[in-house]
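By written order: A, B and C. Residues from 1 in each chain.
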Amino acid sequence: MYQFNWRPVFDNFGLLAKGLALGLGIALLALAIGSAIGLAAAFCRTHGSRPLRLLATSYVEAVRNIPLLLIIYFVYFGLPLLGLSLLDNIWSFIAALALYAGAYLTEVFRAGIEAVGKGQIEAARAIGLTRLQVVRHVTLPLMFRISLPSLGNTFISLFKDTSVASAIAVPELTYGAIRINVNTWRVIEVYLVVGLMYLSACYAISGVLRTVERRLRIAT
Amino acid sequence: MMDLVLASAPLIGRGLLITLAVSASVLVLGTALGLIGGLCLLYGTRPLQWAARIYVDVLRGVPQLVLIFAIFYGFPVLGLQMSAIAAGILALALFCAAHVSEVVRGAVGSIPRGQSDAARAIGLTFRQRLRHVILPQAVGRFLPAWVNTAVEIVKSSSLVSLVSVVDLTMATQQVVGRTREALLFYAVAAILYFVVNFALSLASRNLERRFSHA
Amino acid sequence: MPEQSLVTLQGLAKRYGDTPILRGVDLEVAKGEVVVIIGPSGSGKTTLLRCINFLEDFQEGRILVDGEAVGYREDNGRRLKRPDAEVARMRADVGMVFQSFNLFPHMTALQNVMLGLTQVRRLDPTAARERAVSWLQRVGLGEKLESFPSQLSGGQQQRVAIARAVAMEPKVMLFDEATSALDPELVGEVLKVMADLAHSGMTMLVVTHEMRFAREVAHRVVFMDQGVVVEQGSPADLFGNPRTDRLRQFLGHFAPKL
């Protein structure tokens, strides 16, 4: 019978907690930067000229079909070899994750833009708003409201993806687990606790998201 | 440059084969388990439904890499010897099963209630309803979502490189490390992954057309 | 009287959660009778029909189809749900036509009609095909045997649905607002099929808003409101001499059509 020994885990809990916080922070940052990229690309796909549409679509299709790990390696190892690098491992990872997120978010925002009813846009134009004003006052706010659930789910996905950052020694939660194991080899205990931490974090985030969605829907 | 590519081709080629082998194994195992899981979610007794639900929720809340590490490092500690590639396949298959269970549930759940009403009304038993009315319609809805899962699995297979399995990603890293030709070989890897996943999507669109009753 | 009844409902009561839908319904339908059920939405008419072939369960009361209890068995005073196989057998003898047709989209019209014949009535494929073809011809769709539901109009789909139900040679046919989802110009062709069926002696329970159909084809009209039977009688009696205020109010909405 396996003898459980939880002490090493709890002695190092600070390490794990910090890793969790870092993971959440990275995911949030990647979501923000990725949203900027995604928004731009989404508008390219819906309102842009042909070359812009092609560019955006290529970006989306390319990134969505290759592994995150490959992108991370390219940014962290590949760019320096090409002479471009000032990024440490954490920022390399954030850049890679943002690039990855951007492709998915492009589709989220594109669906959101297309979901904004034609009727509402026509009504806005009918009272004399310019195209830019329509985008600013009608399309964007409605699109955000529609996209919110998907944005939330993307955030949870990105948070789970931060575990891959351990490959380039970013001190998030999974890396913390690896470090404790290397020193104590209490593998079962560590991964049970770490697994539980990821699970609880995802559950908590889902709960918050659902509450926010409910609140906003009432406001509508 | 061409001779550089040719020299590295065997290594990259082997890596690609490993990636394909791992992905295929995961998909076969994971889909089989996922079909069972989906049926449990839909038609199981209370405890079975409950167990399936917990399984799906847990496996979707934990990162795949953590699962791979837990099995690869954990099993030997419990006395079960496991190769890296087997651990990777097992972990990803468990993850895949959770996804496929949800896909199955969604596919059957999206069939309008009126279909099972009509099937009941002409006197078909549960098994007959499943066989003649529900499953034929579920297949068409199941396939596109399953292919999405398959594409995710091909991408996730790159994680086994982190337990030292020499798949396409690891092979690419090794080649780049040796030749310093980053742009070239990362591009090659990206193209290879893209081609595999694109082929999957094409196959899906084909199958979808075969099974759709528009 | 009870011996002659094909369908008997005694004290039927059903709740959905805390909401009562049927509050004690008694009804008898004799063999060969055509009973039309009318009433405002929410009166429980559809639920009543769905209880008869046990697509809905019920908390109180009994339903008998040709003497056999539907859905539950009595065992020393305890109510037990009957097993799926027994319920399926009973359903084979009760035909149902739905408001939304519910044809199987992955099968042709012919295959839709044949499914029950081969799988439930256990006919061999040739006999099943013969019967299916004959019924599809009777509803006027002899040319559409190999068409898929998506290729048929609403009226055609509903006629296939009727053929599918009738081909099983049920003891009683239930029609749940069979024409309510149809465009007005397609309603007539379906009502004609239903009228033909009535004249051929089929026992029918029809929930509908088509008052002219009720007047011309029904032997008896039943008015339901809020989960109970309020009035029933011959069409002439019910439409000509409504006795309760509720019925008079309800009929007021249809005055021009009568």
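Here are some notes:
The rule we apply is simple: a residue touches a chain if its C-beta (ideal position, glycine included) is under 8 Å from a C-beta of that chain, and two chains touch if they have at least 3 such contacts.
Here the structure is a predicted model, which is why all the values come from computation and not from measurement.
Top-ranked chain pair, ordered by C-beta pairs in contact, is A-B. Of all chains present, the one whose mean CA position sits nearest the global mean of protein CA atoms is B. Each chain gets a centre from the mean of its Cα atoms; for chain A and chain B, those two points are 21 Å apart.
Per-chain Cα centroids separate chain B from chain C by 46 Å.
Here the spacing of chain A and chain C, counted between their Cα centres, is 54 Å. Of all residues in chain A, only 2, 61-62, 65-70, 73-74, 77-79, 81-82, 160-164, 166-167, 174, 177-178, 181, 185, 187-188, 191, 194-195, 198-199, 202-203 touch chain B in the complex they form. Across the complex, chain B meets chain A through its residues 58, 61-67, 69-70, 73-74, 77-78, 151, 155-159, 161-162, 169, 172-173, 176, 180, 182-183, 186, 189-190, 193-194, 197-198. Listing the residues of chain C that touch chain B in their complex gives 53, 55, 84-85, 88-96, 98, 100-106, 115-116, 119-120, 148, 150, 161, 164-165, 168. Within the complex formed with chain C, the chain B residues making contact are 112, 114-115, 117-126, 128, 132-133, 136-137, 213-214.
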